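One chain, chain A, links the two complexes that follow: it is found with chain B in the first and with chain C in the second.
== the complex of A and B ==
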């Protein structure tokens, strides 16, 4: 090895040394300690006694741990899928030729710069039994007869207009904007008349869904975790949207022009050009999404006593809950075992995603 | 010019040497507790009330307030070996923390001197006949009622003669009279701490003689009553109106009664300064005629690894002395744990003083136990909390909720017993 190569290697190592030290101290050393403690009954103070795989066996028989595992995996899959699709949709919309594009980009990104604590407090308020969400649904339910009438009127007026246009020989699309505007104005007038004449009755509906205090399940997750899902998607979609937007800028415009010439419509362009071309970004987004959601902690912890533990617990929170138990005695052994299981689950899901899910190359 | 410069240098050096010498002479004791009101309370003691005594002992005390997650801070610092010499310990954590070997027992002479304090509190901080904590204050629950609400509803206010049933009748009367104006009966928290006065007044105890938790018929009777208040539209839970605790509900001025401790008075001064309220004892069980309650307290404990155990004891003795507790009481920050302190008669126009009197009376009644659950800590109350939530929200029937809670207690106690046997 020449002197020059040696010198270059030396500077290379020198530059990565801070990162290597950080990695060794805060990851490798911590990982080794965690593995060691997971086989002991360590409680921060007493001698760590070797207990074999007892901690792991206890975890597998602990209802709370099993609940946390199911909650975590369900949460991760649901959030990752929804947030990726939503972010892609928003990015495609914002990448199209719309007015005030910069305003919408900024407005959509705002939720991402809010702190988790603030967003959680806002959502606790929204989810209260007499909060915004239940109030909004109650209002919608009370006015449901007007909505039905409105939709019916809109469809009828639009159909009549389309029929008239085609009758006089004009090729008109069903969603023609001008006709839609006329239909909407007509519908509003119909609703006002019906309302003034008192022809439709509104029923008082009091929706009182217990979003945060409920122990009920809805599908694969407790209702409370669905509430956290909505909150989490609200805060993460904007960042992912930006990643997709950056990806969209790199797709050559020639591809769309060629597709246009070949007669491909917008949906065909989306599925055959945009999505395949965004594969590297989608791969990153999904991988980071899975890792991030499997480690969900802050929004669960911030909900505090607003909801029962079993209806909101995730594996990351379970690790904390064992380490700083309400019993006052830290259960570091069980906490370490749970942390390792969380790590293994994360690796497995990311591996499965890489193997069978979205690939880095289209 | 050079002379002035040189003089200034020597003067500065002299000052530094003087201050460092005087600092070195004094023994430094570090103590830790909560943030919030306690910062004012403890620093007031250190800088004025017990300052002369500390100077005589040649001790300097530094208070480290911990604003949040206090328990985690102490556990981390104890395990890292840099914990303060003395710190607060919640009564519900005393058994667990003693079992970790991190607390030092107070000397026999200190323990003998502490006998002037509430015996239930002292007993709560005593493990294996050794005193590990000195209660700095005391609190329990009382029934607070909104005078205007009862006046508007033309209903007699709650009093010390009330039982569960007569209180219920009064709440029904209030809700029937002015319920349509948005006034509600009460706000009940789905947790054992708030529910405990009812359960304890029946004669039920968290642990039977065998150390097991049995949710017997007495417990079920109390549970039924508490939950029925919600089911019958006389009570709501705090989350229903976006509050975290019943006191928050009471602060909206739309509730007839609430059951809280002395901590409510400070909150109401800020939140609802014009609210006219008074306090009375929590009603008795109509069957036994008894009242129940829990004592909530925090004590000073000594770090087992402190190098100045005897000095720390002296500091704690001063911090919990009658003189110090009188000063804290006068500032309205806490109620004294010492039985030798007699509260002055409450002023008629001071709901806070009247509440203090009621709470101190409640803390000396029969069926009063400390808020602690042995080696289980606060984890013990989780099955009851869950059962209360499920029953109040009608997610489970009362029978199902209690059966589920009993199953969890049997499991919890079996796991703990097996663990103990394994350790032996």
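== the complex of A and C ==
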């Protein structure tokens, strides 16, 4: 080995040492210990006994664990899919040629800077039975007759205008932005006049949906987790949007110019240029999204006893719950086994997405 | 023939108008989204000012936003404690308070019964605090009539229905004096009882709530001062989260802990990420590949998988319930990756010249690469601070008692547990907003780095 290689190895390892120490102590060693504990009945205080795969067998028969697994996977998939699409849409919208771009970018980013603890508490308040969301929905449903009127007026005004334009021979499309704008303004004026004259009856509606405390399921997961889904999307979309925005700015302009010449419309450009070109960013976003949502913990802890355990539990919380539940001795064996299963699920989903989902290279 | 003529002669203005309309739609959509993102916080902030954040959740015209109440709360604070902002009740104080009641013309007035109840201010943690009661020191004068009006219209509430009524009104005035010597008292609650038909239509300060089907008008504090009145929940979070051992505000300790921990973590992260990122990117030493793979692997594994072993390590070291347990448990894989990808972008010539001069890799990192790495550094500092500030799971595991040692998110959890049962959401919301302020300040100062493209490009590589 030459002097130069020796020196390079010395400095390389010296520089990387602080990181490697933390990696080995807090990750490798910890992982090995978790594997070891998962085969024992360790409880933090007394000597651990080897119990074979009993912990794993117990988990598979524990209804709470199965519930947590289903909840976690459903939550992760739903949140990742919705937040990626929303963030992409927002980024494309924000990337159009507009003024005050930085104002909107800042306004959209605000939900991401606050701690998940604060935002979760704010949303728990919104979701209370006598809280803002139910109050807001009640008010909206009281005005439902106005919505019907609005939709009706929109359609009529739009149709009349289109008919007129076609009649004079203009090739106007049905969703023409100018005519839609005129229809919208007309409709708003109609609604104001009708409400001033008091022509429409409003009914008193009291909506009292139990967003957080219910034991009901909706689709793949409990209603409570859907409520958390909305909160989670609300906080993570802005960050992802920024990643997409950065990606959008690296797409060469000539691609769009060429498409323009070929006569491709905006939607075709979105699906044939923008989305394929963004594939590397989308890959990162989806992978990080899966990893992040599979370890959802904060919201579950902050919901606390106001929601039933089975409607909010996730694997991450199950791991904590087994180790540090308020009652009973720590069940480190079960906790470790569940933690490993969570790790394996994460690796599997990341692998599957890598194999069959959005790839890094388009 | 006529058709094609028309088509070929579509004026440019036709397309121009459509472009304008399209822009109008885009801006409307953007404004709508901004309303959702910012509006959520606005409504929650407004609700945190209410006495009860859950009362009439969609009504935002409540007592605390009315300027008339700001003026009188200031005057009452002056009268009670010479403190226009924070109020209080101290020896020598004299509060003058007036209430106007209305009845229909065929009814008669009965003199309101004024009482200062022995009521604990607040719920949750406040219930464990020892307090002095205003009731023990205050003397309420006989109410005297200062004004009569024979023609008023007022609203009588029956259930959720409002009835408009016509009648007469009387204004009573009374004073609350501090008798003799004693401690300064934070709050002076007040209850005024009248028959149900006699309706309160005006008072020096709008009542906090009505009890017993409208018979009792109740004020939580008639000597609040303007900040004590408008930002009551915020003052309460600060005052009521008091450590039983030291008597210090725990909210202050939590904020301090969060700051120290976040700063220390950021420093440590920058050190580790720069050195390791540089080594992994620019020095092809033996073992690079395995370290890199291990690093990526560690990023996919949730923290819950490794936390028990780490808990035991800090337990053995006796560092549980100290900030060190949070600061040193740091695997900065993500940040190392950001720095590595950033350093990889530079051309090879950059260090070759320095190597020829015999500079050591550490000197090259320090003198050549770090000055160029400012954008990447900014993003790992900001992301690191934000991450440490918001970190919840690990601090919750290692910081359990005493409550002084919590970080803000863990403190918020304890607030939520202490006050959530009582439904005291004003206070929980106030706590959430207070925790937000430091990050908000960081955000405003470094706004460009947050929403600029640095983070995006750095992460994307």
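A few notes on this one:
Throughout what follows, the second predicted complex is superposed on the first by the 337 of 362 C-alpha atoms of A that agree within 3 Å, B and C clash if a C-alpha of one lies under 4 Å from a C-alpha of the other, contacts with A are read in each partner's own complex, and residues count from 1 in each chain.
As a convention for this text, a residue touches a chain if its C-beta (ideal position, glycine included) is under 8 Å from a C-beta of that chain, and two chains touch if they have at least 3 such contacts.
Since the structure is predicted, the reported quantities are computational estimates derived from the model, not experimental observations.
In the model built by aligning both structures on chain A, chain B clashes with chain C. Touch criterion met: A:242 reaches chain C, while chain B stays clear of it. Of the two partner chains, both chain B and chain C are touched by A:324.
In the superposition on chain A, A:128 makes contact with both chain B and chain C.
When the two complexes are overlaid on their common chain A, residue A:50 makes contact with neither chain B nor chain C.
When the two complexes are overlaid, the chain among chain B and chain C that reaches more residues of chain A is C. Using the contact criterion defined above for the overlaid structures, shared-chain residue A:152 touches neither chain B nor chain C, since it reaches no partner. Shared-chain residue A:96: touches chain C; no touch with chain B.
In the superposition on chain A, A:271 makes contact with neither chain B nor chain C. Of 116-124, 134-142, 260-268 or 440-448, the chain C stretch that intrudes into chain B once chain A is superposed is 116-124 (criterion: clashing C-alpha atoms). Put simply, chain A uses residues 44, 124-125, 128, 130-131, 304, 306, 324 to touch chain B in one complex and chain C in the other.
Partner chain A is touched in their complex by these residues of chain C: 2-3, 6-7, 10, 14, 17-18, 20-27, 29-30, 33-34, 37-38, 40-41, 43-44, 47, 53-54, 56-58, 271-273, 275-276, 278-280, 283-288, 291, 294-295, 298-310, 312-313, 329-333, 336, 360-362, 365, 386, 389-390, 392-393, 396-397, 408-409, 412-413, 416-417, 420, 425, 428-429, 431-433, 435-436, 439-440, 443, 447, 450-451, 453, 455-457, 459-460.
Taken together, the chain B residues at the contact with chain A in this complex read 69, 71-72, 75, 78-79, 92-93, 95-97, 99-102, 237, 239-242, 244, 375-379, 382, 386, 389-390, 393, 395.
Taken together, the chain A residues at the contact with chain C in this complex read 8-9, 11-16, 18-20, 22-23, 25-31, 33-34, 37, 44, 90, 93-94, 96, 98, 102, 104-111, 113-119, 121-122, 124-126, 128, 130-132, 134-136, 138-139, 168-171, 176-178, 180-181, 234, 238, 242-243, 245-247, 249, 280-281, 284, 291, 294-295, 297-298, 301-302, 304, 306, 315-316, 319-320, 323-324, 332, 335-336, 339-340, 342-343, 346-347, 350.
Put simply, chain A touches chain B in their complex at residues 43-46, 124-125, 128-131, 210, 212-216, 304-306, 308-310, 324-330.
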